[in-house]
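Look at the two complexes coming up: chain A is in both, with chain B in one and chain C in the other.
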Partner chain A sequence: MHSIPMSAEPLLAIRDLSIAFGGGTVAVEGISLALGRGGSLGLVGESGAGKSQLALAIPGLTPRTARRSGSIRFDGAELIGATPAALRKVRGARIGTIFQDPAAALAPHLSIGTQLAEVLIAHGLARGAAARHLSQQVLERVHVPDAAARLRQYPHELSGGLQQRVMIACALIASPALIIADEPTTALDVTVEAGIVALLAELTGGGTTALLLVSHDLAVVATLCDEVAVLYAGRIVEQGPARAVLRAPRHPYTAALATARLTLDSALDAPVAAIAGNPPAPGERLRGCAFAPRCPRALSRCAREAPPLVADGATRFACHAPLPAGTAS
Partner chain B sequence: MTPLAATENLVVEYRSRGRRLRALDDVSLALAPGESLGIVGESGSGKSTLARALLALIAPTAGRVRYKGEDLATLSKAALRRRRRELTLVFQHPGASLDPRLTVGESVAEPLTVHEPALDAAARAARVAALLERVGLDPSHAARRPHELSGGQCQRAAIARALITRPELVVCDEAVSALDASVQAQIVNLLLGLMRTERLALVFISHDLAVVRRIASRVVVLYRGQLLESAPRGALYERPRHPYTRLLLDSVMTLEGRPSRAAGTPPDVESPFARPAGCVFAGRCPHVLARCQSERPPLETTEEGATVACFRWREGVTR
Partner chain C sequence: MRLGISARAGLGILALTVLLAIVGPFFSPWRVEQLDWARMAAAPGLAAGHFFGTDRLGRDLFVRTLAGVRVSLSIAGLATLVSLVVGVGYGALAGYAGGRIDALMMRLVDVLYSLPYVFFVILLTVVLGRQPTTVFLAIGAVGWLTMARVVRAETLRLRSLEFIEAAVAAGVPTPAILWRHVVPNLAGVVLVYATLTIPGLILLESFLSFLGLGVAEPAASLGNLLAQGAQEMESAPWMLLVPCVFLVTTVLALGFVGEGLRDALDPHER
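Showing the complex of A and B:
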């Protein structure tokens, strides 16, 4: 492994990012994150926590009505305030995206070969026979059987698992430095999911392509990511090495997410450890910690003062009453 | 004892452009009053067809669906309507159970206007209010519309609608699959509590083996319309006999972050219209024999009270 000098800028550096919509709805607030070249970072949290909004803001896919502030530096360039033309150059070529529903993301009227070649043509990377050759190659890389024949097929002729592989091929074909995957396996059957997770691990494990994975499934993040950031109500409440954070969380919210999961060895004689209550409604601002009303460890101070993110070893968490280090959930 | 509900050699076929798709192929199962039966399967396994057949929402192509011993296909319309109050369904998306134009209270009360028309408005409102409280909703939710509620609250309302006629059997078709794990846990606890207090029998259909394990005392595994294994919970999860059940269990990921043992298994590429002569799982099975391609394995009963359709289960290939 070659070492990277400490001063080198990470591939992606997000600083104090906030995204707000009209009517005072805040999607995310005060987010700072870094992702190194070839690294992998998972964003987890419940629906509405802001994880997808955060990921989509990076390639400039947030709705037009959103107000963004802060900084998103990618590959040495600032993306907030970048022109639409500059963002288009980054999307597809330098940042590939994978979404939950391949049937919605792929164009139904274009053959697989045309959709793959379009990425290359749009970025001036190849055309004609060269584009066809590269398209077949990338389908083989994502283990689509009979790649040459598939180029002529249309999305509806493929199973959900194969469609997802084609979308991964579209994200990968221009050799981007970063792949953003938003719930890439959520709509898939369990056995198909296992195959797609193995594929993403293979494609991003080599240290050349970084992965930003949005998932509500902690196990998928533990399998694919080195680092994790846990979001609650638009803020990061805990971040650090993925397996350490998810298996021995410091923030009570991370712990609650981990213990609410049903597993193949969950106790059968006790109720499932559900998190009581609901996350705050979008736009609802709390003075103290947003999780305090649901938190089993909340102190009176938690309702008054928002805890800052503090570091302990490799982990950072925002909590006045953290769990002791090394307690497995 | 007569089972509460049963299917006998049930076959359901759909027709599409002149081709026949066999969604359920010779499926026999039974559940007792108050029992919870899990149905596990992936897309195309026939699990949603089974849900609809159990409620007589689609007619069998062959075989029978019985409820309290009666063949549902032979009931008169009026008799079937009377049965419908005892047999209800909760869908994956509350949107399928709740009318977006109605308030939650109106949606929950609606089945009563069909099944208990004699009930006056005040009595109906009291039943709805008591049930909303039982499923963990606030009385004020009755006046709201589905879009004003969270996903978990909508699913609670859908469950209330399924329970308002005091059914004996509720079929849940992927009822918690679209929810976050934290909310899923709340709904699973609610269903477990309701089974106890309301003496409900549950058919719980899901692709999520961990959720099914928590709810069902017996589990049926379907693949491409066929029943491959049926076993008491302990046996199925501790000692699966069918290689497909093993594959499903191996596909479940954990926080240990180990890659799944199932990742290398070839995907299902056969057309749903294809009708293999042998075992439906042969094309993906790591333990396949020549015989599996040509001959359908019969269902055999194990010493643990499980049934399994595999030529090799006695050899312990799934260990």
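Showing the complex of A and C:
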């Protein structure tokens, strides 16, 4: 449908993006990211780190009160400052969005078939019988059993896992170049989660659809993403190939995130390796590194000057006292 | 949806009243404006078919009261319909647009609210004359204001729900979001509020007609029947009591239905 531009510009290029709310609250600051066609990028961090705000800012879904500055280039077009009409054409058609809680994100009063067809109708792709046919096909693609009958059902008649599959189908139906998944498995049972992760891997693994995954679950990110960016207090503290970053983190925060996990084989009476302290409040701006007050490796200069993002091999990190390369956590 | 006992009773009484108002006149030999020179201010009885008696001019009160119920109910019903269409459209638009457009639209509502109402009705009566249409216009002009406020508040709540955001994220155009996602979810609130609006508007119509600003003689409405009855209160109490009973019954029945609908649609509000 779209011709591939001649330049080697990535599908999504975010440069120096900041999102601020009234009253001086800064959600994210100075973010630069790139995502190639068919690539996959994971955004990880604690609650409130700004990862959802960052992801939703791409198709312009941040609250009205938010002010965005910087640049978001998607498929060769600038999205910051784009007209509402232009943004609407991108949403759904070129960028599909999967929300955290499918029970809340599916309209309770419309049947599955109506909601799927709505996306097609909104972008003038199909209507009537053709839309119904495409809806059934996309439900089959996300492995919803008995797709034809499901089209007539309402969201509350489906299980949580099926609801999330329908949500994914809604995001997928117009064949977008990018899918943004905002914590797609957080609201689901653990048993269902594995199925959804496998589905996302299957759908984005083909190299035609790029995936931007927001998650606090490092295991999910490691499974689905080639690249990862770790956010802390609205800034990127470490980014690089997912495997390298998660296996051998350079930033103490990434290392702490990786250890603060419960696994099935951890002893029941072993203390959880929680990160001491709390992230700074959204309005709070620290002069130095935002993680310094909680950091076990903090030096005195960490409280004074914010570390810049520096590259070392494939990864980039912002730390005055990084962990040595090649240490497993 | 299950309605409580009182709501079902209210619904039954309302249905009976409307049925009586429509078919009742066929059982009486008298017409609304017909005078019975032989029996002026006659007490209720079966003689000569004046079931509810006659007024000072010998007009049959049974027929006139039922005509009054028809006029009052249809004015209130029509005005409620108008308030439904205008109020829902206006409120949903303001609530969904938000920001400056919302503020501007709601200030206009505030201004209309603060107009001296009776003065406005007198002006309207002077320009258009005393007829049911004038009353309808006067009531319709203010009936939608509260509806618009209620709908706007509900739309603000709906707008923050995730499925609306998901529709925006899917690129659904704004008019389609309003029509297919917002309006259907307003239905509960709107239905309840409309049911509770009708009795208020019946009372407003009666009030205007009682003051002589509403439906004019010889046409009958509950309000002007009450006004005439009040003048003969001591010598012929039935002239006041008959329209009174109908007004109270209708308003109470509608109130019960509205309350019942609210409880049935919103279990948190009990």
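Definition applied: the second predicted complex is superposed on the first by the 318 of 329 C-alpha atoms of A that agree within 3 Å, B and C clash if a C-alpha of one lies under 4 Å from a C-alpha of the other, contacts with A are read in each partner's own complex, and residues count from 1 in each chain.
Convention: a contact is a pair of C-beta atoms (placed from the backbone, for glycine too) under 8 Å apart; a residue touches a chain by one contact, two chains touch by 3 or more.
Since the model is a prediction, treat every value here as computed from it, not as a measurement.
Participant: Using the touch definition from the top, say if A:R88 reaches chain B (first), chain C (second), both or neither.
Facilitator: Touch status of A:R88: second partner only.
Participant: Could you tell me if A:R247 is touching chain B, chain C, both of them or neither one (first, second, both, neither)?
Facilitator: A:R247 sits against chain B, while chain C stays out of touch.
Participant: For A:H123, using the defined touch cut-off, is the partner it touches chain B, chain C, both, or neither? Pick first, second, both or neither.
Facilitator: second
Participant: For A:R64 in the superposed arrangement: first (chain B), second (chain C), both or neither?
Facilitator: After superposing on A, A:R64 lies in contact with chain C but is clear of chain B.
Participant: After lining up the shared chain so the two structures overlap, which partner does A:Q153 touch, if you call chain B first and chain C second: first, second, both or neither?
Facilitator: neither
Participant: According to the stated criteria, A:A194 is in contact with first (chain B), second (chain C), both, or neither; which is it?
Facilitator: first
Participant: Can A:L106 be said to touch chain B (first), chain C (second), both, or neither?
Facilitator: second
Participant: Using the superposition described at the top, determine whether chain B or chain C touches more residues of chain A.
Facilitator: Answer, by number of touched residues of chain A: B.
Participant: Can you list the chain C residues touching chain A in their complex?
Facilitator: 98-99, 161-163, 165-173, 176, 180-181, 184-185
Participant: Where on chain A is chain B touching in the complex?
Facilitator: 46-47, 145, 159-162, 189-195, 197-198, 201, 216-220, 222-223, 242-243, 246-247, 256-258, 260-264, 266, 268, 271-275, 278
Participant: Tell me, which parts of chain A touch chain C in their complex?
Facilitator: It comes out as residues 59, 61, 64, 88-93, 96-97, 99, 101, 104-110, 118-119, 122-123, 167, 170-171.
Participant: Would you mind writing out the residues of chain B in touch with chain A in their complex?
Facilitator: Checking each residue of chain B against chain A gives 42-43, 150-153, 180-186, 188-189, 192, 207-211, 213-214, 237, 247-260, 262-265, 267-269.
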